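I've put the structures underneath this note.
You will see subunit A twice below: alongside subunit B first, and alongside subunit C after that.
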Partner chain A sequence: MAAEAVNWIYAAGFYTVAGIAVLSALIVIGARNPVISAVWLVVCLVAVAGIYAMLHAQFLAMVQILVYAGAVMVLFVMIMMLIDIGKFEPGRKSQKILRVIAAPFGVAVTVILVTLAGQISKVKNVQWPEPPEGTSEKIGGMLFTKYLLPFEVLSLLLLAAVIAAIYLARRRDREES
Partner chain B sequence: MEDLIKIPILSFYDLAGVATPMMLGILALAGLVLDSWIGKKKPSWIGGFSLAGMILILAFQLLLHIGRANLSGDLGAGFGGLIFFDLFGIYFNYLFLAAAILVTAMSISHLEGKDYNRGEYYLLILIATAGMSLMAGARDLIMVFIGLETMSIPIYALAASDQSNPKSNEAGLKYLLLGGFASAILLYGIALLYGAAGATDFLTLSNELARLKMPDLRFFFMIVGIALVVIGFGFKVAAVPFHMWVPDVYEGAPTPITAYMAAGVKAAGFAVLIRAFLYAFAGEWLQTYQIIWILAALTMTVGNLLALVQNNLKRMLAYSSIAHAGYLLVGMTTLVSSNTTQEAFSPTYAMMYYLLVYSFMNLGAFAVIVVLGRERRGGEMIADYSDLSRKRPFLAVLMAVFMFSLAGVPPLGGFFGKFYLFLGAVHSRLYWLVLIAVLNSVIAAFYYLRVVYVMYMQKEREEVIQPGIETGVLINTVLILSAAMVVLLGLVPNQFLDIIFMTFRKFV
Partner chain C sequence: MLYQYLPIALIAVFSFGLAIFFTLCARYLGPRKISKSKSEPFECGNPSSGNPKTRFSIRFYVVAVIFVVFDIEAIFFFPWAVVFRQLSSGGGWNFLYGTLEMGAFLVVLAAALYYAWAKGGLEWD
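And now, the complex of A and B:
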C-alpha cells in the first residue's frame, strides 16, 4: 500500500514537471518576442532539471540549473540586448505555404507517437537496465577512470571552439588597422 | 573508496590507439604558439608548419601499421574500451591525413593574398582531422559523438571563413544549424540506445541486440535509437533526404574546405557507419536493411538528377557528392544484408577502396577549381572552362582524368570502385538496387562528360583567362598526386584491395 502511494506521488510529480516542460517549450517556439521566449526557456530548462532530480541524477540537475538556466541563458539575453532584435517579423508568403504543408505531417507524427505511447504503456514487466547513480562522487569517478579519454578529448574540442570563435571574430580589427 | 577510484592502467596499445589524434592535437597546440609569434605577418608559414607535421604523422602511420600488423587479437580494450587500435582505424588515418595534407597544400595556394589567410585556419584543419581519426577508431558511441563534434565545429567555422563573401557566411550558418540539428538527433539516438542497453560500447550493444527479441520494449527502443543514429550520420555523409544543406554549403565554403568536406567528412561518417554496423548493430535483426536500401536508391537518383541541371561546377560536384554517397550506401546495404561477419567484410573492403578513390578524385577536381579561381574571377562556373584545353592543356588533361574517374570510365579508379561495390551487391542478390545504381551511373556520365566537352570542344566567348600565370609548386603537386593516385588505383586495384584485405586479416 505504501509503495503504491509512493508510486502515485512519483507519477504525479513526473507529469507535473513534464507538463511544465512541454508547455513552456511550446511557448518558447510560439512567442513573437524573443525575450519572452528566453524567459520561458529558463522555465523549460528548470523543469527538465526537475526530471533529472527525480531520476536520481542530482548532480546533473544542479549542473543543468547552473549552466543552462544560469550561464547560457544570461548569454542569450545579453546577445539579444546587444543586437536589439525586437520582434520577429511575420513570415513571408512562402513560409506560410510551408506551414500549411507541414501541418498534416505534424498531425500524422503526433498520431503515430500517441498510438505508440498507448501501445507501450500496455507492455508490463520490462527489465530495464539499472540506472547508474548520479551523485557527484560517482560521476567524478567515472570521468577520471572509464571516461578519461572523452574527457580529455573534450578539452581539445573546447579549444577548437575557442580558436574557431577567435578566427571568425577577429577579422574586423584587422580591417580597421 | 577503494572500489570507486580505480586508476586505469594505460598500456602501450592504449597510447598507440590514440597516438594519431594526440599528435595532431599537439601539432595544433604547437601551431598555436607559433601563430602568436609569426602568424600575423606570415600566416602561410603556419600552413607550411602543419603540412610538414602532418607528413611526419603520415609517415608515423606506417610504423603503427607495421607494428599492428604483427600483433594479433583485439587490442582495443584500453581507455575503458573506448577506442580500437586496429588496422581499420589506421587505414582511415592514412586517408584522413592524406586528404588533410592535400587540402592544406591547396589552402596555402588558395588563401594567398586573401583577407582570411590566417594561422588559425590551418590549425582548425588539424583539429578536425584529429576528430575524424577518433571517429574511425571509436568503439563507444560516446567517443563517436565527441569525435564527430571535434571534427564538425572547426569545419563550421572554416566554411564561414570567407566573411567578405555572403555565400560563405550563409554556408557556415547553414552547416552549423543543420549540423547541430543532426548532432541532436544522433545524440537522442545514442540516449535511447543507452537507456535500453545500459551501455554505449559496441560490444554490449551487439550482445543486447542478439539477446532481445521484438515484443521486448528494450529491443524496440534500440531499433529506434539505431534509426536515429543512422539519420544523424545521414546528414554528415549527405544522404537524401538529409542532403538539403549540401549544395549551398559546398558552393559557399572556400574551395579547399569544400574538398575537405567531400573527402574527409564523408569518409569519417562512413567509417563510423561501417564500424557500427559491423560491431554494434550486427545481428539477425538487420532485416530493417530495407531502410538503407531505400536511402541508397533515393540518394543516388536525387543526387544525379539534380546534378544534371547545375551550371556551377562546385554545386554540380556537391550533387555528385550526394550521388556518390548513394553508391556507398549500396555497399552499406550489401554489408547490412550479409548473413555472417565474414560475408560482411567483402562490401567493407569495397567501400574502403571506394572512399579512397573518391577522396582523390574530388581533391583533384577541387584543386583545379582552386587553380582557375586564382587565375580568373571565379572559375566556379562550368562555362569558365571553355577552351581550357588550348590555354592550359595540362590542367585540362588532369581535369578530364578526374571527371572520367568520377563518371566511372574503365581504366581509372572510379570505375573499379563502383565495380566492386556493385559486384558485392549482385552477390547479395540486390539486383534491383544494382539496376538503379547502373542506370544512375549512366546519367552521371552525362554531366561529368559535359565538363570535358566544354573544355575541349567549346570556344571561349570572351577572353577572361590570362595564360602564363604561375600556378605554384604546391598546387601542382596536389594536382599531380591526386591524378597519380586515381590512375594508380585504377591500374592496380587488386593489389590495393589486397592491402585493404591485409588490414582486416588479423583483425579480431
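And now, the complex of A and C:
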C-alpha cells in the first residue's frame, strides 16, 4: 500500500514536471519575440533538471540548472544581442512555407513516437536494473579515477573554446577600425 | 529517496504561489492609472533612448564565452572536493594525487585565462 502511494506521488511528480517541460518548450518555439523564447527555455531546462533528479541523477540536475539554465542561456541571450533581432523576426510568408514543410515531419515524428510508446508499454514484468545514484560523490569517484583522461582532455576543449571566441571577436575588431 | 525532495517541492510551491499571489493582488486590488510616461520602458529614471533591438559589441560575446568556460570549470570542483580525501588517501605520494589531477586541469584553464588576458579579451576599450 505504501509502495503504491509512493508510485502515485512519483507519477504525479513526473507528469507535472514533464508537462511543464513540454508546455514551456511549445512556448519557446511558438513565441514571436526571441527573448521571451529564451525566458521560457529557462523554465524548460529547469523542468528537465527535475526529471534528472527523479532519475537519481542529482549531480546532473544541478549541472543542468547551473550550466544550462545559467551559463548557456547567458550565451543565447548574448547572441541575441549581437544579431539584429529586428531583422530576424520572421515574415508571414516564410512562416507559411515553413509550416507546410514542417507539418508532414511533425506527423511522422508523432506516429513514430506513439508506435514506440505502444510497443514499450506492451513489455511487462521486466526487472529494470536499479539506476546508479548520480551523486557528486559517485561521479567524482568515477571522474577522477577511471575517466581521468577525458576529464583532463576537457580542459583542452575549454581552452580551445576561449581561443576561438577571442580569435573570432578580434578579427571583427580589426575590420571595424 | 523521493521524500527527500519534499522540502524542495514545498519551497517551490510556496515561492511560486507567493509570486502568483502578489501578482494577482497587484492586479485586482491596486488602482490602475495608465499614463504615457508610465508605459515607457524603465531605464533607471532616464528618458529611454532608442530601440533596444540593436546590435551590441562583440566584446559581450567574449565575456559570455569566458564566463561559460569558467562556470563549467567551477562545476567540476564540486565532485572533486567531495572525493578529495579518498583520492589523496593511501599513504606515500598518494596525498598529491587529487591536487595534481585538479592542478593539471587548472593549469590549462589558467593558460586560457592568460591568453584571453594577453589578447585583450578582458579589456573594454
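Things to note:
To be clear about the criterion, the second predicted complex is superposed on the first by the 147 of 177 C-alpha atoms of A that agree within 3 Å, B and C clash if a C-alpha of one lies under 4 Å from a C-alpha of the other, contacts with A are read in each partner's own complex, and residues count from 1 in each chain.
By our rule, contacts are C-beta pairs under 8 Å (C-beta built on N, C-alpha and C of every residue); 3 or more make two chains touch, one makes a residue touch a chain.
Since the structure is predicted, the reported quantities are computational estimates derived from the model, not experimental observations.
With both structures placed on the common chain, the touch criterion links A:Cys44 to neither subunit B nor subunit C.
Looking at the superposition, the partner that touches the larger set of subunit A residues, subunit B or subunit C, turns out to be C. Residue contacts after overlaying the shared chain place A:Val6 against subunit C, while subunit B stays out of touching range.
Of the two partner chains placed by superposition, subunit B and subunit C are both touched by A:Gly141.
After overlaying the two complexes on the shared chain, residue contacts for A:Pro129 are found with subunit B alone; subunit C is out of touch.
Using the contact criterion defined above for the overlaid structures, shared-chain residue A:Ile79 touches subunit C, although it does not reach subunit B. Residue contacts after overlaying the shared chain place A:Ala21 against neither subunit B nor subunit C. Contacts of A:Val67 after superposition on the shared chain: subunit C is touched, whereas subunit B is not. Once the two complexes are overlaid on the shared chain, A:Ala57 sits clear of subunit B and of subunit C alike. By the touch criterion stated above, A:Leu149 is placed in contact with subunit B alone, subunit C being left untouched. For the contact definition in use here, the residues of subunit A common to its subunit B contact set and its subunit C contact set are 137, 141, 144-145, 148, 154, 156, 159, 161, 163, 165-166, 168.
By the touch criterion given at the top, residues 4-8, 18, 21, 25, 28-29, 32, 79-80, 82-83, 115-116, 118, 120-121, 123-124, 127-128, 130-131, 134, 142-143, 146-147, 149-150, 153-154, 156-157, 160-161, 163, 172, 195-199, 215-218, 220 of subunit B touch subunit A in their complex. Residues 1-2, 5, 9, 51, 53-56, 58-62, 64-69, 71-73, 75-76, 78-83, 86-87, 98, 101, 104-106, 108-109, 111-113, 115-116, 119, 121 of subunit C touch subunit A in their complex. Taken in their complex, subunit A has these residues touching subunit C: 6, 9-10, 13, 53-54, 56, 59, 62-63, 66-67, 70-72, 74-75, 78-79, 81-86, 136-137, 139-141, 143-145, 148, 151-152, 154-156, 158-159, 161-163, 165-166, 168-170, 172-173.
Contacts from subunit A toward subunit B in the complex involve residues 120, 123, 126-130, 137-138, 141, 144-150, 153-154, 156-157, 159-161, 163-168, 171, 174-175.
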